[in-house]
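In what follows, chain A forms one complex with chain B and a second complex with chain C.
Here is the complex of A and B:
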């Protein structure tokens, strides 16, 4: 399939970077430290190595399918059924991701800034961004990401380096934290944090060549890793284990302790700004892909009429969890531990089958 | 046309959302708390004292350059089962909505602090409004009385008074940065314990009330040095009744002791948080006189912890530098030979002081406020091994070795001191 819309490496990287790194502004550093203790900062490095390994396998298998997205490849591999199953699976994953993130951001916004506003009212801010984003399509979304993500990154760096006066290197000891088993066995499942990389296999037609896709993937993983490691490390340097696992919004807590003299105080407002921008960008992109996958899976002609149906579904689903604690638990139990199967293992399986079937032209022809 | 309509619609929609109809709070409708005092209650669990900044007085200024002459603060004391309940009750007393967003200090009474303050520090940590950099203090006596005694005479704002007075450690070395953030993380730490600023009220109405019995002489100086006081003990009189001096030492959430100003300076040096302070030192040659030095920390302290048979052997190296401010005896300490004598004498003085402080924290208070545990835990590979070692139980057995390296760099504006000539006795 040849897509009319195309975008460059920068746009693709920024879009993926924001989507992957959103948990960093939520509970990512805390979850790393919960798993690894004082060695929590090692886990982002470890899962980066794993993500690179997974991606290397995927991009090598992808070589023969330049310009095709994972749904197209699923069709090559398993026919119409394969396309539908893959589409539904990916859609469910992104719906889960968007729903959880939407609720989490909304709840956090209520805790931090809009304490008296009803949750549905606060959610409307994000919903509006999602609807507008999806309505205008992928191109404005990635262009917006390419502008806003560097600003978000600067804001993030401003916070993590702004608290440098509170760093204490001793917080990183004992160096192995909760032990090698916790880091390397329990930490393995946390590779799920790279699962939004699956969007790269969906934008393959937009980035055109396999080379661009490869560069985009590796650069995104590397940049995400830098931000993940930096965020966890700086948080741990300021908040020692075990009190570092108390805070449900680690980077916000960092921003709260920042103070420069009597004049620069309450700098956490910077956090709220970058946080809301990051959330709106990520949720809009996520929502766009929900609708995009559905349209593509069921070969529908139009995307826009489906926006309202899907936004109502996501709005309703995100209000299902009874409280913030349940949302955090869902995040911890499923998003951060299970999604790697769908986004990193499943594509390998599909690509392998597709590759095997591609070698047999008769079968491929039949499938087509 | 469609795009323009969409843009207009988006703008109108955003403007409507940004009005903040639910969470909008006018600054003018809020009562800003500058300080929070906590005492044991008589009719209830807690006696909560709130010092409110009076905005009209804060904004004004007189021709004399000082405050407008109006009351800059208003105090409310009430008894309550908890802090939040107290803040809620306070809303029924003051017309404006109570806000602790700009509170500068939380003061606990020493009685409450000795019983344990975990209930309160945990509660504060959940409050979004409260800034983690707020100061923590323990009043020697009642927190309510301490807060009532504060009448800022140089500030037009009580908030500014608290902000400035709790930063004086940067140039006195007699208190420390005891933010709530630090207190909270140290109280729950496995390798360091917290401290809070010690606050007090003077009992002297006038200089006639000064009594030698209340003065403490720790060293062989024959007179109390400036650091040998705790809050409320400084021999002084005047319209300012409240002061801060020294530190309250905690073991977890319980106060277990007090440090005077001098010990506090040593605490800061050992922590690497000492900015500068003037110290009075008995002249090593002419014992009737003193030498005044402006001391600064030149390098971060270097700590080593050896665990021989489970017993911590702790060594610290403190690097300081100083400038001569006064030489009363007129002895030429500026000369290299005499300078070495002065340096050695001050080094010994500070080293002894530090060793006494460390012994006191280990043997008397059983609490590691310096944070040697942070160095000790480097020797362990995993967290479980460190927990099993149980640092807080081992610290009281610790053996201390302190090395102080002082370099006097500058002699002030003089390079030698010539004697004063008297017509009666000749040179003095």
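Here is the complex of A and C:
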């Protein structure tokens, strides 16, 4: 009999935290400032409130489906077709997420450290990490996340506080930046940055109880919010608005201004270690769930034989965009604006239907 | 074809000899054949089962005997140690009634071919036999097989069959006829070919009767003085004295009145006799008795209890294990000092039957863990084993993981402390390294000194060790990565110094570092192999001269010598040799990754290594515990030490019987009565 996979709150939080916060190391602060102007740091707080609201609805609806993932619930709601549609939809979303992130990280890595290397060569290192991660499964991935993510978080904090000497409070004015409309209407769609929370609905069977799921969700949103806000705020404090929207890697730019005496002047390369570790962890987990969802949706027995097929697909897709600018445009147009529908609204819809379809889900769950 | 041929031959043999499994290895006497072939009755089964005098000789409590071959294998931790062993030494063979029956059966054996005992004799291996096929000699001597046995393939196929036969022979019961027993033992030990096996024949006088007897032992394994004074002398001299024999049967008289030695057992099977003699006991055969007395008189030469060679500490006990099983278990027991410490005797190896001891504290260790360790040891199907290093490899979960998953230590205090935590230990005869399991990454970076030293000092050592691990694993790779891809992070003055030093070096930095790393490994390996005190000296001088000469010849840069030397020193700071070795192996991968893709390559390496380690388990416990998965009490002493009074609980991941190891206020003296506080 196959051993049941379970993991604790800490592991689940660390895994989700890294998956959600990865954009912070890419273009998240810049996009916030583009949207909200000097009030860009308020948007993370605002979208956190929205994410909490969405999650509250979802977790309340989820109460009766303890131990089931969203695909199981889709089957309860809409039958076999529902399961397949939901599975494909989620899979496409994660494939998109992984593909975009993979390309962005690869391009940025090339620009920062490996200028002379071809893009496919740089990408191979991320691909190798994804293959290894997916091959060994979710258990080692979350375990390793629980070790590496605190180190990444410390590294991030080191950067944002390490540049404290360059803070200028005047960069935050005017306090409402581009105005309330920009913050609260345009900013609404940026709640998409919490869309990786959908992974929580997939790991529901692994975290066992609804209570753990609830704690994990709220804690992850809160911690992500702190990092998002801190990153954007510090970036804005260091760089004035006109310059801040020009940098394509905000946190890296922050690291570049760090200077401690004559000896420690250019330590941003250390940032590459943190950055790559975070990317590999996120991409591996994302890739694992692509394969996992496919296996679960189509009720296949094995996962590992599909790894090579999917990695070739993702590798190819990530090379489709002709340049980094196209990737950033895709990120801005679709990932940041649309994915909230799939990850936050669609689960609500599924859960509502499932709840309506099964008047007594607890009893049904037992009989199942 | 070979299968068909084999089947055909088997059928032929069965038709001719009725019993194809016995004719190859054993010589069957004419009278015996009939019994073996089912024509005569088997040995008097009544004797075997009749419970009578249930004395546990030598040690009435029935606790594990000194030789490690005791039968009080209380596999159930809940079973009281000292309960009557299941194999039942002296299970009634000494009763008067049985004695008479034995005598009768003996007479029957002599008189009636139809009622002979089943005696199987192993073929003595002579010099001539060694040059022949083993099966050949068996068949020729037995005269039962006319087939040509030159077919080597068939011989190989039949080996396993022979082994089964050999086992059944060893499990056969001891004869009451001393001549047969003598013949059996001579054959078994190939006497006189084996020069170190000694048989001493003599008579025991009991009352008016002279009874033939002999002892067999292996010279060099036993203590001659003990044998002479406590076994032979009483039997040969004291038995002649006018002793009032209150017992009537010979077995009881010998056991209770003539053998004053403290560790005597009675055994009923040849297999047990051979095991005991092989492990330094002497076996006493007495005519008319179908049991053998084995006295644990072992006294071979061995190393004393010395300082551990690989785990030296400044503060703490200075005793280390040696190669003697019982000395090692005693070293642990004298630290644990608790009756709940269980020492289970196990044997490993079909041929060697190497004694091992499974140690755990009954009311602390997780029963599932103990069962799992026992199951793995018992499941081993191997011929022989020499050292616990081999045993470790047979027991570990993942062979290809560079890091060890079982801790090997030569410090009794460390084993005792881990047993107190709820872990399980295996002591093996012949190995000064005791295995402790389960082992996690944090265990491997701990040293017993961390606890013995005061809290700040212990933590400083721990931090230095982490630094050592980082340096030993990553420094050469980082050097290559920085010099090739991330020059901008080197401060200007330093980068100038490095480039000036490297100006005349013709090799790329990766080749440069590989040359030096391989040279360093060569020096290290050669230093170990060179005998005596020259080794370390040569190592140091070799490294210095080689490094100096390499720099002078512009083959490597001076900064690289520093990098390699610091890496070497870092690996020596790691308290566990196996972990240090694993880092030495993986280091080369990091050099390659650093050379190929700088920090990105190194991060990829760290990620993949981390995933592999996160996947690994040691007896069901994830290797990265308590960090990934995070378990309760991780901060207690796994990363850094808390003050000793704050280390209140045993590791969560062990699921021990007793979680707390000390009270929340362990230093009761700090609790003062109300009003007595001066502040």
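The definition used in the following text is that the second predicted complex is superposed on the first by the 356 of 368 C-alpha atoms of A that agree within 3 Å, B and C clash if a C-alpha of one lies under 4 Å from a C-alpha of the other, contacts with A are read in each partner's own complex, and residues count from 1 in each chain.
What we mean here is this: a residue touches a chain if its C-beta (ideal position, glycine included) is under 8 Å from a C-beta of that chain, and two chains touch if they have at least 3 such contacts.
All values derive from a computational prediction rather than experimental measurement.
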After the superposition on A, what does A:292 contact: first (chain B), second (chain C), both or neither?
neither
Which superposed partner A:128 touches (first chain B, second chain C, both, neither):
both
Based on the superposed arrangement, let me know which partner A:28 touches: chain B (first), chain C (second), both, or neither?
neither
Just to be sure I read the superposition right, which of the two partners does A:117 touch: chain B = first, chain C = second, or both, or neither?
both
Per the contact definition in the header, classify A:273: touching chain B only (first), chain C only (second), both, or neither.
second
Applying the document's definition of touch, where does A:235 land relative to chain B and chain C: first, second, both, or neither?
neither
Give one of first, second, both or neither to describe whether A:256 is in contact with chain B, with chain C, with both, or with none.
first
Thinking of the overlay built on chain A, is A:315 touched by chain B (first), by chain C (second), by both, or by neither?
neither
Quick one: classify A:265 as touching chain B (first), chain C (second), both or neither.
both
On chain A, the footprints of chain B and chain C overlap at residues 113-114, 117, 125, 128, 132, 262, 265-266
Which part of chain B faces chain A closely enough to touch in the complex?
10, 13, 17, 20, 22-23, 125, 128, 131-133, 163, 181, 184-185, 188-189, 191, 371, 374-375, 377-378, 380-386
Given the complex, residues on chain A that touch chain B span 37-38, 111-118, 121, 124-125, 128, 132, 166, 168, 170-171, 173-179, 239-243, 246, 253, 256-257, 259, 262, 265-266
Chain A - residues contacting chain C, complex:
7-8, 10-11, 109, 113-114, 117, 122, 125-126, 128-129, 132-133, 136-137, 139-148, 262-270, 272-273, 276-277, 280-281, 284
Name, in rising order, each residue of chain C that touches chain A in their complex.
482, 485-486, 488-489, 491, 597-604, 606-608, 610-615, 622, 624, 627-630
